[in-house]
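Two complexes follow with subunit A in common, the first pairing it with subunit B and the second with subunit C.
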Partner chain A sequence: MLRMVPLPRFAGEETGACCFPPPCSEAKRGRGTTRRVVEGARRSALGYLGDEPMSRTQGAGRAAAVAVFLAAVFVAIPWAIASTGRTDLYYTLSSVALLAIASGGVWLTFYIGRINIGQGAWALAGGYASAVLVATYGWSFWLSLPAAGLICAFASVLVGLPILRLRGVYFSMVTLVLTEVARLTALALPITNGARGITSIPTPGPIRLFGLTIVPAFDSLAEPNRAFYFLSAAMMTLCFAGLWRLVHSRLGQLFAALRQNEDLASSMGVNVPLLRVVAYAISSFLGGVGGAIFVAIAQSIYPSSFTINDSVNFMLNCFLGGLGFVFGPMLGTLVLYFGWDLLFQTGPYQLLIYSGSMILLMLVLPNGILSLLNLRRRAP
Partner chain B sequence: MTDPILAVRDLTKRYGGLTAVNEVSFDVQEGEILSIIGPNGAGKSTIFKLISSFVTPTRGEVRFRGEVVSGLAAHVVARKGVVRTFQETTIFKGMTARDSVIVAHHLRSRASLFGFFFGTAAARRDEDAFGRSADEILDFLGLGAVRNELASNLPQGHLRALGIAIGLAADPKILLLDEPFAGMNVDETNQAVEMVRAVRDRGVTCLLVEHDMAAVMKISDRIVVINFGVKIAEGTPAAIRADEKVIEAYLGVEDESIGL
Partner chain C sequence: MEQVIANGLYLGAQYALIALGLTLIFALMNVLNFAHGQMYVLGGFVVYQVYGLMKLPFVVALVAAAATLAVLGALLERFLFRTVIRRSEREESTMLLAAGIAYFLDAAILLMFGEKQRGVHKIVSGVFVWDNLILPWDRILVAGLAVLFIVAFILMMQYTKPGRAMRAMAQDRTAAQLMGVPVQFYGLVGFALGAMLAGLVGGLLVTITGVNSGIGGPISIKAFMMVMIGGAGVTGGAIAGGFILGMLESVGLTVLHAYGDLTYLAIFVAMMIFLAIRPNGLMGKPWG
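Presenting the complex of A and B:
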């Protein structure tokens, strides 16, 4: 599936700085509403750094939001699908969840001030790692999943050490190339079986603990897609909970410091190269995990399973949802995925409308869809 | 004389054919305020970067408390206690003043980063302690009233103070101040001079690079003068003021060789 998409403008690049959240020009800050939105987004992007004690209503509101989210994902959606019989949506929504995981990784590299257009490479690497381990070496899928993530994390340390020294558009270009390198590597290596890819990968087996079957073998289920949906949704929830905790911890604070000023951070003793690599490794871990589950669903992988288009989309998901929000990539993935499909009705105009509305969104809502929340919050 | 806290020996930096700093040597004593001055392009800032290890010297070395620190990574040198501040508005623009200072405390953390991830008791204790210490530093530098302002909204004078606050939070033994008085009016400069004195009185040795002669003369215990990458004089403000070579460097000399 080819998705040509416009690149968003990277504000902050004009000044040579890695401004964040990116597209918020200083010129705009003078205007009433825009200024409030921009400031609001800035504050919320960085607001967790504030030590103002959270009020009880805020805490309750957050707990309620989490409860609603969990209920929607794990109860309401499966129920709605079961009652309407649209079981094809299981596959679609699993895809969204997995793409969101990979996008969450991209978001983390945004968070340290790097525009990463190379997540497709790690999704592909994770997919192949899992596929090879399961199909060739007979591993259990459940073991291959963390292994795929860790292999990607380890490889990304090696790749990241040199390339993370680059900033701005130079880093982006290298990561863009990385996706293509991954594809060509998969084509060339004997273990990945070249262009024929790896097919007929066994579905996940059962998980047994002390003789109890906790998760049944997927092929024994009447509706494996439903099981895959729950797996993907659970992984997405887990990954984003981890990501949220990460950026709200001290490590996240240091990541934010990196994004805003690497020189100043190193002048106060922050090991900048190390933290950059840590962030990139976590990012790639998420990419690898997302890719591995994808492969388990498709039961096959080819060098073209993840391409530059996917890499660009992972990045756009972050922009669309809002770079200042941990859950931005999740929402962005959902909107972008379904938005594209909905526009299918428009036939030849699909790409035109899609690109047009992306540009419009970037102009009107430079800080993503979630920045609308700040508007509402600020209204009297 | 006691052992210097910082010893600069034969420090040389070449960029291609250009020698930015040429065999500069001087000592910084514990507890003093030493200023490096010189005309534009004299190599002051390069010396600064060399000392804080943002740049590695071509030759020569910098010793901090007897230990060679030149060539180490910048953050390692900072951890040892050689902390630099930056010119102008090099701060964390998107953070509040207080958060910037809290972040700068991270070296003092005893809990691991994973401890912070899981919010262990040690991590929470550290967070509380950092908050208190940050408040103390902000009050000390007169930033108490603006602690919750975004750094990007602060005026010049406060930004400069915030830069110093961030530096102090990293627990320096010697603080390198890069043009702390640049772009200030007389009142602001006087305040900033008091601020630097107060920092020194906390037991932090101060090394300045500065243009503002009046302030330098007022604040410095000793002055090192650099011209064309070479040290041309070193001494007390009074001695520097009277030094022929310094006057020459700053004002030029009636010179037949120009050929007029």
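Presenting the complex of A and C:
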């Protein structure tokens, strides 16, 4: 009889912080030399922060990088769009931002050592949750957004408790099936209106605090897409800042310990089942939030809004950007989305060229685009 | 009732053969072959080309499909998977590669054969009737051929030298290498064999259900499910998973036919509950 081969663990952690994006885990191929794993798990279990103290120049460099990023996203891009008149780019970039949020969730499950191909299910669930709350129950979009995330997080705890016991390929395959389950459930439930979906969902209303209008109603704006862009970009910044903070916290160290060796972490007194459900819930929360905003932009949702293809793409975004980098999913989403859009002119050859270049990229840069940073660092 | 069981067995034989190829590649290479369904579709189209359009005998077409896929599988392993496995820091990177290949094959098949549903003439005509059991002869023939291939595969794995080598590799790659098994070569052989099995099923089923360029993805998902039910990397598990899924579909579509998609929803949910109880499937070993 054939027997399965266990997937080798994939990380010996290297800690150390320098440039932006921070190398939260430079996974090295070495099959986890025991000493290093023990060391990593011990530190994690005791709650030490693994990071070396940051030098002043590194801190300044990181602050500068963050400033450049914020300026680019919130000033340069809107200015460039306004001056060139390509307002359609607002929609495209909002989509990138939202898909990046969902991919960030997938990245977190990668971070605890699980390959998650089921984020489409949570994006769909979050979208439906928001759509039903807004369209059927008349909630404000701004309330439905966190509600959608929380509903997804809660549901993912229920689903995650059994399926997170699965490891390796089993987990990935079951999450893949989960996407299909979500689609079929959306088709079958009465509240989701079956294949016809939910359409003409109202746009987000105003936010008023003490009589002051902080955010105006989106339909009163001349250019709602611009507002959606700012909303999506702000959410993306927020989510990734949170993700970065999380990874560099004690909890993040514990997550890294899970990836390295669950049994060892468990023997050190780490509550493994709880932590992996927490990670999965955060991941699904991000998926739900991304899906909910997406639905607000599209003003409609159907069971086929997020399919297995989307789930696979969320995973690919993480791979492409580089699994060792918090900001990998962001870059990966941008490159994949724009790559796909740019190839639209090639007509029938679009998918052929797209997948062909994906294979090539895999051959040349199997550790993601951001792994180029490591090359640069090692070179001198 | 007999009809339902007969349909289930017929489906199960096909499914088991698909799952065998997937589980073989997984056991030897630790690669989850996302492109398995696309390989199935390609096999179907080769038979359509050779048997349907060029009017050559069906056996020739089936051999052509098997050969095409075996060569394709060998090339993919030699030039893509082997390189990426060597260079990558994480084993999971092969999943991206496999997904890329799945998209690539999808696009290539669409360009070469178009998006139309294609079928071929029946290989044998007539219907087998016994009591209230009705089965067309070609289905019986196809199911018989599938069982024949499964038996041949098992015999090969059990009693030939390459089979023994591959079993050793699946158990422990390093140990097999130390015992003098040329693991790279057998990785190539295993990948070719797995792809060939996918092509063979595609070639068999094109005579009954036909084939179109869009069904690759759904076939892959079904194959994943069978492998999960039975246990990844285990021959017996793949066969059991194939027959179980075939039977569930056959029964489900009869009992729940009024509700359509509910059958698959029920199967999925049942499978997730089953996996919660037995995380490694029927015969899988726990992860180390």
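The rule is short, and it goes like this: the second predicted complex is superposed on the first by the 329 of 380 C-alpha atoms of A that agree within 3 Å, B and C clash if a C-alpha of one lies under 4 Å from a C-alpha of the other, contacts with A are read in each partner's own complex, and residues count from 1 in each chain.
Simple rule for what comes next: a residue touches a chain if its C-beta (ideal position, glycine included) is under 8 Å from a C-beta of that chain, and two chains touch if they have at least 3 such contacts.
Here the structure is a predicted model, which is why all the values come from computation and not from measurement.
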Exercise for the section: For A:173, select first, second, both or neither according to whether it touches subunit B, subunit C, the two together, or no partner. Expected result: second
Exercise for the section: Determine, under the contact definition given at the top, whether A:157 touches first (subunit B), second (subunit C), both, or neither. Expected result: neither
Practice task
Answer with first, second, both or neither: which of subunit B and subunit C does A:257 touch in the superposed model?
Solution key: first
Problem - Which of subunit B and subunit C A:89 touches, first, second, both or neither - result: neither
Exercise for the section: For A:298, decide between first (touching subunit B), second (touching subunit C), both and neither. Expected result: neither
Handout entry: subunit B versus subunit C as contact partner of A:343, first or second or both or neither
Key = neither
Practice task
Please indicate which partner A:362 is in contact with in the superposed arrangement: first for subunit B, second for subunit C, both, or neither.
Solution key: second
Exercise for the section: Please indicate which partner A:268 is in contact with in the superposed arrangement: first for subunit B, second for subunit C, both, or neither. Expected result: first
Practice task
Please determine whether it is subunit B or subunit C that touches the greater number of subunit A residues.
Solution key: C
Fill in the blank from the handout: Listed in rising order, subunit B residues that touch subunit A in their complex are 52, 54, 73-75, 78-79, 83-86, 90-96, 98-99, 102-104, 106-107, 109, 113, 116-117, 119, 123, 127, 131, 148, 150, 166-167, 169-170
Handout entry: Residue ranges of subunit A touching subunit C (in the complex, touch as defined)
Key = 1-8, 10, 27-29, 110, 115, 159, 162-163, 165-170, 172-174, 176-178, 180-181, 184-185, 187-188, 308-309, 312, 315-316, 319-320, 323-324, 348-352, 354-356, 358-359, 362-363, 366-367, 371
Practice task
Please give the residue numbers of subunit A that touch subunit B in the complex, ascending.
Solution key: 20, 39, 42-43, 45-46, 49-52, 245-246, 249-251, 253-254, 256-257, 260-261, 263-273
Exercise for the section: Using the touch rule from the top, collect the residues of subunit C that touch subunit A in their complex. Expected result: 23-24, 26-28, 30, 32, 34, 80, 83-84, 87-93, 95-97, 99-104, 106-108, 110-111, 157, 166-167, 170-173, 217, 221, 224-225, 227-228, 231-236, 259, 261-262, 264-265, 268-269, 271-273, 275-276, 279-281, 284-285, 287-288
